[in-house]
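What follows is subunit A paired twice: with subunit B in the first complex and subunit C in the second.
Then we have the complex of A and B:
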């Protein structure tokens, strides 16, 4: 079964290579506020960058302090060491760390003699008409720059076709996550995350085909039992092995809330034919993807609680990346909200490199024991 | 040339104990808990849920051997063998390496259960200060964990950190608490973020002419502050008690009490065996459950 390759979390750039070999461009993206549809409508392949498996970020540490986010540093490492050979990098000012990836890559790529399309979008931290308008202008700027890069104009028709394509992915990912609501799901948390992060390794068509194949075969998979149903939330998490450590200790991760899981996909985009780009702007800025925004904390908490209830979650693991500015202090607000609805929360700190598997294991095991009375 | 006597100041006293009130365990349900920590190992045997024997010794470099040695020492002169124990639970960081265990349970769960036994059902907050980590645990009236928090990544604020300071200052680890009060005024704490930083800071203070007592006071103060943050974060609800080796160090215990304005309950038995006692009690529950089902 070819869908088995969805479980191999190693970064695979074969599709991007083939895409580029055909004369087209492929660019890396960081942050959920970069709309894939605009890039794809320009005939460019968006590659959601991840740092899964990065065990040494010492090259990047020459440019980014060891007190920076290790996820961001590891992305820079993968750009610097050629794990990703792409035509550029698009990101937003989602938090300060991606902007440091951007600054440093812009500089280092020049030093390496690479011709890179580096583009940054301003994504406002408040969602209202005026900021959506600003963001739409930013997206228009991106569309224009991409058109120049690829030679393919970004048109409304192109955008609508791209929305349709990515909506299909959203629908299939929703079906994948629906499987996890079952009392004994046929997919573990580590497997589900692996499938979702592979989104960045394939073209949309390839990914859709693999997802369909997996979903068609899902009923033949063995149901999984766990001692406690868990949800993992927090900073960017692109490493299924991290979830595996928790699941090996008896936890069954049935849901997650981070920017490589379901949040990367979300609901379908509904397009207004009179303002296609505006629809995309409203959608991407209006989603409660992370606490970077100033006005979405109650909404994020509400979504987490609703999701926990829908998936029968017994406990939440709040996994915060060290030096993460978005999720750094969120626990102080979230914990009381969870207490109110009787959902215990375990806080753990992590880094991109899996240096603390043992520490995670003991905490996860004790948490499972606590829930499995 | 005369040989210089080498003293390991960090070496704390190992011990074993037998309950003088239990002469014969024939017909009793024997369950055991073996807690292999990073620094110390304890074996506790319960007879019908009452502590019968225990041992408390340093963990060697081989966890299975540590478990065997601790159990053999606990059972010494009882006429019992490991095989006579109906159910054994391994706990602690070496819990998977207890060769004769039936099951393993984390030390967090076991310490809560053990503290409930040692201090009584009113206990709600437990601070376990172990060899290489410390944990703030909240539990219910049955000793079941309701929340917990562990320190991250550093031995500062743990028993091993205290041993390092004992060796550095050439003071027996068991004397640190008492000596740390022999100061006119409480000094500012040393660095509490890293045991290596604390060590180099202590060295610097000694060079500046601080007395050993003052440095120890600064170190105990730092350790107390560090664990207080953990307690505050997890929530402090009386009754409160401390388990683990550092619970025997009054220099740290009294400072925690002062900073938090709370009195820790007095232990009725060795605070280091809380985890193993908890494990043995869980073992007893499991056997009884199994018997009830049969």
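Then we have the complex of A and C:
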């Protein structure tokens, strides 16, 4: 079955290569505030960058220092070592680390003599009328620049078609996650994450076809039983092997709340025909993907608790990337809120490289043991 | 072995404001008793700064805590006393016991990698040891991700009306106008907070405050020009004191302090003298500290002066100058230029936007201040500036031919690196790379 390739988390750039070979452009994106729809409407393939499997980011470290987030550093490494061969990079000021991926890649690619379309947009950190208006203007600037790059004008009709395409993906991913609510789901947490991160490896049409194939076959898959239903929250997590370590110790990850899982997709975009770009701006700025914003913490906490209840979660693993400040301070209010509803939380620190798998296994085992009693 | 000095009674809650006022007052009294009138102005300003906060309510004013770049002049026009929360960490950075008390508190809940500027102020808030109750909290979405942990938490801890300025990464017309539009929204919020109207009286008050702020920034520019002279007459540590302009722009007291500094500097220059600790007639090295000021060890600048004749002429995230508001009767221009000044203050101008902005700051410093020693005094909490470090230092090497020393420090937490270790690192660089003579070895 061809959908099996969705479970191979290795970064695969074959689709982007084929896309570019046909004379079209493909650009990388980092962070959840770069709307795929605008890029796609310009006839450009958006490639959500990830760093899965990066075991050595030393070249990037020389640019970003050891004090940087290893996820960001590893993405820069993949750009520098040619794992990703694309036409450019589109970035928001999501948090300070991706901002520096942008700066360093713009600088290094110039030194390497590469012709790159590097474009940064500002994504406000509070959501209200004035900030949505600003963000919309930023998106208009992006749309104009992309139109110039590809020669395809970004029109309302093009944006609506792109929204429809990506909404279909959102719908299918929602179906995937619905499967995880079952008492004995047919998909593990590691498998589900693998499927979701593969989004960045394919064109929308290819990904839709693979998702459909998987969902059609899901009923034939063997149900999985875990000793404790878990949810993983925290910094960007693009490595299913990390979840595998936890699941091998008896945990079953049925939900997650980080920018590579369900949050990367979210609800469908509802388009106002009179303001298509404005609808996209409101959607992307308004959804609570990450505590990079200053006004969404209570809402994020509420959503985590509601999701935990909906998925029958018994315990939460809060995995913070070292040097990730955005996800750094959530425990202060979240932990007591979770305690109130009887959900314990385990805090762990991680790096992009699977450097502390042994320690994670021990802590996960103890956590599962505690929940299983 | 000398007993460590205790800055507070650890068995009792600390009252941060009272404690600071007492400490500043005892320095003041000490200097009075020793008869040091020529430098009293350096303490006068600190006394004013902290006592204004302590006495805000007694004086019938609203006390407004703030973080990041906010329009301080407007706060003052609405009869509020602005309390810049960063002054807590910068004030206590040299006091290991007090600093660790607050930093350790924050680290119970937040990562150790968080910036200690934010850890210290957040810890003070979490322990409820500010010693004052705020009427409001105004903050921005910059400078960094650490602040973005601290501010939302403090909002909830302070439990008072809050206003957030969203500061964009772009420091261009679009960005300035965006912030200016938020200033427009800030005015009715202030009206509601204070019960005062945005009427002719308030506008006149703002004009008066802006005139004073302009004056202060004009002097600051002249002080910058003075530092460009060879030899540099003002010591490195004056750069630290001048940061007090952030909460005090628009007051007479900050004008007096800057004016006195300027007069003294000019007088010394006229006499062919300097107020630095460089050996007489020996000031071969002009240092740029490219990142944050090292508040936890400002004495290192004195040591560099004494030991190598190396004067810190400017710091990368300091005040090179300020925005002068040109048309004080034109509200649209006032808003726009206030927005400009918000996005061009220290730490914001070079560090919150693209690295390219930092390079502009570098050019200004290296071209105008005749820098010949480059030190990346890298605050470990400032991870995003470390992540620009190679671009910046390569640029300096290629354009100015100066190799840069990287030193990792904690600008606030003195426990991170000992004075001896820091001196050894800088000393090795000065002697082996720069080829500096160690004057103290002669003594």
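FYI, the second predicted complex is superposed on the first by the 373 of 373 C-alpha atoms of A that agree within 3 Å, B and C clash if a C-alpha of one lies under 4 Å from a C-alpha of the other, contacts with A are read in each partner's own complex, and residues count from 1 in each chain.
Just so we're on the same page, a residue touches a chain if its C-beta (ideal position, glycine included) is under 8 Å from a C-beta of that chain, and two chains touch if they have at least 3 such contacts.
A quick note: this is a predicted structure, and the numbers were derived from the prediction, not measured.
Q: Which of the two, subunit B or subunit C, is in touch with more residues of subunit A?
A: C
Q: State whether A:344 touches subunit B only (first), subunit C only (second), both chains, or neither.
A: A:344: touches subunit B, not subunit C.
Q: Which holds for A:43: it touches subunit B only (first), subunit C only (second), both, or neither?
A: neither
Q: Tell me the contact category for A:373 with respect to subunit B and subunit C: first, second, both or neither.
A: The answer is first: A:373 touches subunit B but not subunit C.
Q: Quick check for you: in the superposed arrangement, does A:359 touch first (subunit B), second (subunit C), both or neither?
A: first
Q: Of the two partner chains, subunit B (first) and subunit C (second), which one does A:104 touch, if any: first, second, both, or neither?
A: A:104 contacts subunit C only, not subunit B.
Q: Enumerate the residues of subunit A that count as touching subunit B in its complex and touching subunit C in the other.
A: After superposing on chain A, subunit A residues 349 contact both subunit B and subunit C.
Q: Taking the complex as given, what residues does subunit B use to touch subunit A?
A: 93, 105-109, 144-150, 152-153
Q: Give every residue of subunit A touching subunit B within the complex, in rising order.
A: Those in contact with subunit B are residues 344, 346-347, 349, 356, 359, 362-363, 365-366, 369-370, 373.
Q: Which bits of subunit A are touching subunit C when the two form their complex?
A: Listed in rising order, the residues of subunit A that touch subunit C are 62-65, 67-69, 72, 93, 95-97, 99-100, 102-104, 107, 120, 122, 124-126, 130-131, 134, 137, 291-292, 294-295, 297, 320, 322-326, 328-329, 331-333, 349.
Q: Mind listing the subunit C positions that touch subunit A in their complex?
A: Contact set of subunit C toward subunit A: 109-111, 113-114, 126, 139, 141, 144-146, 148-153, 156, 164, 166, 168-170, 174-175, 178, 181-182, 185, 354-356, 378, 380, 383-384, 386-391, 408.
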